[in-house]
Amino acid sequence: MANVILVSVLSMGGLSLLLGAGLAYASKKFAVETDPRVDKINEVLPGANCGACGYPGCSGLAGAIVEGKAPVNACLVGGPTVAQKIAEIMGVSASAEAKEKKVARVLCQGGINEAKFKSDYHGVKTCRAAAMVNGGPKACPFACIGFGDCAKVCPVGAITMSENGLPVIDEEECTGCGLCVKECPKQVISLSSKKNEVHVRCRATMKGKDTREVCKVGCIACRQCERVCPFDAIHVVNNVAVIDYEKCRNCMLCVEKCPTKTITSLFPERKKAVINDNCIGCTICAKNCPVNAISGEVKKKHEANQELCIGCSICAEKCPKDAIVMVREKYNKNGGSCDDCAEAK
Amino acid sequence: MKELFFIIAGSVLVNNFVLSRFLGECPFLGVSRKLETAISMGIATTFVLTMTSVATYFIQFYILEPFGLSRFLQIVSFILVIASLVQLVEMVILKTSPALYRALGIYLPLITTNCAVLGLALLIAIKRYNLIQSIAFGIGAGLGFTLAMALMAGIREEMEFADVPEALQGAAIVLITAGLLSMAFLGFSGLIPM
Amino acid sequence: MLKTFKGGIHPPYNKELTKHKPVEKAKLPQRVVIPMSQHVGAPCEPVVKVGDHVKVGQKIGEAKAFVSAPIHSSVSGKVVAIEPRPHASGAHVMSVVIESDGTDEVYEGVKPPKPLEELTPDEIKNLIREAGIVGMGGAGFPTQVKLSPPADKKIDTIIVNGAECEPYLTADHRLMVERPEDVVLGLRAIMKATGVNRAYIGIEDNKPDAIEAMKEAVKSFSDIEVVPLATKYPQGGEKQLINAVTGREVPSGGLPMDVGVIVDNAGTCAAIANVLKTGMPLIERITTVTGAGVKEPKNLLARIGTPVGELIEQCGGFAGEPGKVIMGGPMMGISQSSLEVPVMKGTSGVLVLQKSEVKTLEPMPCIKCARCVDACPIHLLPTYLGKFAEKGMWDEAEKYHALDCIECGCCAYVCPANIPLTQLIRLAKNRILASKKK
Amino acid sequence: MNQYARMIVVLLIFSVLSGAVLAFSYEIANPKIQEHAMKNLEESIKNVLPGTTKYEQVEKEGMTFYLGLDDQGNKKGIAFKATGQGFGGPIEMMVGYDPKEGKLTGLQILSMAETPGLGARIQEPAFTEQFKGKSVNDPFEPKKDVQVITGATISPAGVASGIKSALEKVTKIYPVGGDY
Amino acid sequence: MYQLVKDFLNGLWNENPTFRMIIGMCPTLAVTTAAMNGIAMGLATTFVLVFSSLLISLLRNFIPAKVRIPCFIIVIATFVTVVDLFMAAYFPAIHKILGLFVPLIVVNCTIMARAEAFASKVTPPRAVADALGMGLGFTWAITLIGAVRELMGSGTLFGYHVLGEGATHWVIMLLPPGAFITMGILLGIMNVITRKSARDIQCH
Amino acid sequence: MSQYKFLITSSPHIHSGESVQKIMFSVAGALLLPTLAGVYFFGTRALILVITATLAAVATEAIFQKLRGKPVTVWDGSAIVTGMLLALNVTPALPVWMVVVGSVVAIGLGKMIYGGLGMNPFNPALIGRVFLTVTFPVQMTTWINPVDGTTGATPLALMKMQGVPTDYYKLFIGNVGGCLGETSALAVLVGGLYLIYKGYVDWRIPVSYIGTVAVLTFILGKDPIFHILAGGLLLGAFFMATDMVTTPVTKLGRIIFGIGAGIFVVLIRLYGGYPEGVSFSILLMNAFTPIINRLTVPRIYGEVKTR
């Protein structure tokens, strides 16, 4: 018995020495520089080399992740913990967040109910294909075609097609990647800063008369918005109203004025200025208010007239004491709460 | 000569490693998405299998058996040798030919923990093949693996356009397809005396 | 064995409707809409203003780029608008709208040039360019550009495309029967301009009278040969024509000039002849107005800019309820949603199909029957291209040569599963080219 | 100690320990394994040579024979291993042979890879029993003197031809009617 | 304690090696011609899994990263051989059926994966809990597959006739195609179940 | 005049009028010939098998589509063809419930799990057939003689196991044991030629397939005519190897397909465990089809050199 043990210990020892030494030598001799991140990810990966990810082994996946070909959560075996670590290695950092967030917006409201159809279309059910056939079935050459190419291309599923055949973008989900903008054959979608609340949802540069003929909600270039805007932020250019977001303060006056409801706001109600006890009565706000909605005596707490206030926030920005807050009636943007979901069922 | 042909043809068609011996299923399911990848993987595996057949032949018949260690050191020594060998080859290829490495080398680590390799080693020991037969067996097993991989990858590429029910997408449909493929391969049963 | 190519289809030709009907002059339109883009290449810039008075043959659009062709007024009258108007492509295109004064007064500048014998090649090319002549076979490529190949391309053969393989259309057919000598004169001008002394006139054998007439007309020219071709669509596609007539293959991504050939439509030749004889630029063309949807199908000589609705009216209006109005033939034409769109230089026909004729069958899954593969004259695999397009696999589509598709429509015509293959491939081409631009 | 040395040492320790553990386990398990093997062999011999209680192993002309003896030491026949080519691979069997009578005394299938429920039914007594008492001079042809299994003719044929070819050799060593 | 239970349950369902991670397919397909084989194979694998995880977890700080894979392999191979030897000694019938696949436990990706991903990173109790969960998860999965195949292929369950002697046997279930197809269909069913429960969880 | 709203579509604006239904029903029609031959030789039992198999196939397809909430498209006729072919490929003595199992497997595993018509990699009828062969080998190899209904063996089995040939005339007319639809070479041939004439079947596959078998058996010293007429070769070559869904789309590919299938048939018939190899050979080549398609992409017009 001792004999057997001895022989086996010796031969195993010999074998491993041989192989160990060989490997050690080889790893020195054949060392190759690689992207350190590949090694790091390799460390993190389970190393089962099971191939379940579709890549040839763990190092194959590591390479693919570094090259950006595979997502950080590609390893099924490793699960979310590994994915988290890989994400750290890859430095999927918050640098993008730092910039002002942009989201995609649909600049057409001519759905099935509003737009006129010049013809029936039959064929490949994608916007681009339809656009290539006589410009699509809608009479307005600028109208959304409504087959949802944008929805298909959105990587985060932020776009859904409404009953009315128009895309609806969930601005919370949207990452501002702009893929939909590129995809849309009619340039109906554009990226703009998330803080812009008011939009002209029409791009039709035809004469107002022509636009009115083809769409109930198209911009007819009546210039009423131009006249009502207190900040000179909206102008009719080439038969369609365009907002200068440098100047726009989301006061929604144009929204209310627009006869065709072409201009929309994200919120049904505008914000209102409310002055709190920090107010020292410096009167700066009253002086700056474009609609004279703020009144009050020097050194006394001021009051904002809720009726008059248009929600432009100038006062809040000017207030040296941060005594003015802009508040909006409680409003749930996407209506998404758990209770709603339960009700919907 | 004829016998070697039978060994090769037998392990490609009749007792295909993947489709009837159940060896090497993991890469078969995982790396058969694209035809090019599948074939590269197949070639790399064939290479390793052939190498393994030589190595295990010597270990089995020149170390283990003479010393009477075969019954209990077989697994450990085979797997150790295979793993080291693969790693060695990987390093050598990486250094000497990065192009070859990109084409084949990346598959090598995956192959270490592939049952097909250890299975081949054990089968060689069981069947008591001589050196030439062992090599033929290794090549045949590799070719059979490659064939199965290639067929599956071809079908899977075509399946990109198929409307597979959601529940079956992924591994499920691949398994069922493998089942149908292995059913077709049953036609070869009894073909060559193995 | 008649000359032809591999692949292709045999759709019902339906040419009986108009093939014996002599070309009629269409009524002078009251108002013409002349798009500034009727050709391949850069659009023209209008050189008239609203309110200007223009005469027949007066230049109203100037071609600034090399690949472009000027545009002339087709009536005399007043310019009433210069604005985007519906165009056969479906887009709105900058157009000059002219209210006819009914006098049809010819512009002073329109004078016959020297006889052909005295013209130099450069003069011929210049005449062709100034007359705004573009390919009348459909694509509308400026003819003069075709005739000026780069120095390293040696042209040795001119082919006149008289195949007219599109079903229904008979414009070229009637032209060749009625004015064969014009086609030959235009061809000789082209030969002189390019210094080529070998030419063929390819005509499908379902037009024996045209073959006869053309043979008669070329009798005295030993360097011109009339080649009867098998009747098969798309025999008139230039790649197929070149292949059938000369046995050469235009390389993938290449042009006819790469194999030493220039192909010109019979109508294009006749237009050149017209310039040589009268000096009148391209302001009218023969258009076949046909289909079961029109009461009285006709071949009309129509002024460029005439709304198609007027032409249909001159053919007795609609018969039954119209379902589809197509500019061009049924295989490659473009369906229209408005009757306002004007006839252009490349409008070889207006086809009206009755509502009962147009079917809108939903596509079924591809059964891989490979009919499309057998039909494709370019030997592509339309079934795969269609699938790639459906899945958005543009790279694969490119690898499978989507860009070589000539959009002839054969594949979609034969597909038993009703898959809109041609449209899918067109989509793929569009996307591939878009991604190339970036 | 550099990292390479450490690598090697650790690996060495693991292998050595593994070797020791395995050798040790083997020492414990091996007798048991051998015992099973012996028991199986013995059982199959007893099975094909009815009446046998012990046996002797005889090597002759490269073949191994098991001489079956009863309690009194009477020879009950000889058993030998034969291999036939079946549908799914080789069929290993133990055959009992009585040279005196020139007859088979029994058949047991040791290992095979035939289809379960089909070819695998060659293991069932219904099939193996038919060989008992069969003369070694029989033709051993399926469907003639060897009953087959419906749906699987190849496996029985493999068994039959395996026996037949083995017998050709065996009857030379132990001729029919001869002593042994 | 809660952590241990969680680790244990993980392998049973959420990250079940067979139905969720789809690894270790070779033994899963090869030995499941009968339910009993599934149990035997599963338990053998569990044994190896538990002990190698324990050992690896104990030694996790001792093994240099560069040679950890060879070391793991040695550990695993050792335990596998031990199982092989003892099975041959004490359960020869089962050992004969499992055949080649007992040694192949070495390359069962599940073991290597757990050693690498889990055991080499956590304390011994957690490693054992996880290994036990994974092993039993593997066991029930392949026993299920074995049961389906045995029932249809031989009309029995754990060797007992449940379908009556006269029932037609579906031979294919015992052959390679039957293995693939059964596994594929069961996987599809699992997908339906888990997707449904996932949906239920999301809304409440 | 502009009161009309026109249809706009991409070109072309006309269509050949050919449809999947037309093709499938023509194939079903052509299959009636072998079916009738089967009924003539094996009696009403054959008819019952064909009808149940077809109904089961159609029902399975409908149920799958309903379950997935997809439109039910059984009227495209493909399930009918599958059902008929399956029945024609089993022995007339098969228990009826087994042919139902075959239909369910054919349509379920062979077709619907891949999404239905046009997406299946393998020939569904043959999936059903081979599944039955492997699952119920005893019942599937219990052959009966025509007319009298006694059990017997197929000509191929007789040849393989006992070396007994069968005379050509009997084989041609169909008065031999075997699958329901394969006994009468004549009926199969007429149906197949009709389909070739209609253009629904590409002649390349049957010709290269049968040709390969003939050449190989001749080279190997066997009787080529016997091997063509006996067994399911003709049925397979005309009706099953030509299933467009599961065969290559290129012309060269179809020839390769036929040759490959021919080689496999001879291999299995002469050297394999089964007397017959047509089903297996076609399934095997089905597996090769995607690769064949990839490797035989035709040289396109104007492409200078082949790849």
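Labels A, B, C, D, E and F are assigned to the chains in the order they are written; within every chain, residues are numbered from 1.
Definition applied: a contact is a pair of C-beta atoms (placed from the backbone, for glycine too) under 8 Å apart; a residue touches a chain by one contact, two chains touch by 3 or more.
Model, not experiment: these values are computed from the prediction.
The greatest centre-to-centre distance from chain B, using averaged C-alpha positions, is reached by C. Here the chain pair with the top count of touching C-beta pairs is C-F. Mean C-alpha positions place chain E and chain F at a centre distance of 41 Å. If you average the Cα atoms of chain A and of chain F, the two centres end up 54 Å apart.
Between the Cα centres of chain D and chain E there is a gap of 33 Å. The geometric centre of chain A is 44 Å away from that of chain E, both derived from CA atoms.
Touching two or more other chains at once are residues 7, 11, 14-15, 18-19, 22-23, 25-26, 30, 87, 115, 118, 154 of chain D.
Within chain B, contacts with two or more other chains are made by residues 26, 29, 71-73, 76, 80, 84, 113, 161, 163, 165, 168, 173, 176-177, 180, 183, 186, 189-190.
Residue positions of chain A touching 2 or more other chains, listed in rising order: 4, 7-8, 11-12, 15-16, 19-20, 23, 27, 48-50, 52, 118-120, 122-124, 129, 132-134, 137.
Contacting chain pairs in the structure are A-B, A-C, A-D, A-E, A-F, B-C, B-D, B-E, B-F, C-F, D-E, D-F, E-F.
If you check the complex, the residues on chain E that touch chain F are 168, 170-173, 175, 177, 181.
For chain A in complex with chain C, the residues that touch the partner chain are 118-120, 122-124, 126, 128-129, 132-137, 141, 206. The part of chain B that touches chain D in the complex is made up of residues 71-73, 76, 80, 189-190, 193-194.
Of all residues in chain D, only 4, 7-8, 11-12, 14-16, 18-20, 22-24, 26-27 touch chain A in the complex they form. Looking at the complex, you find that chain F touches chain D at residues 137-138, 141-142, 161, 273.
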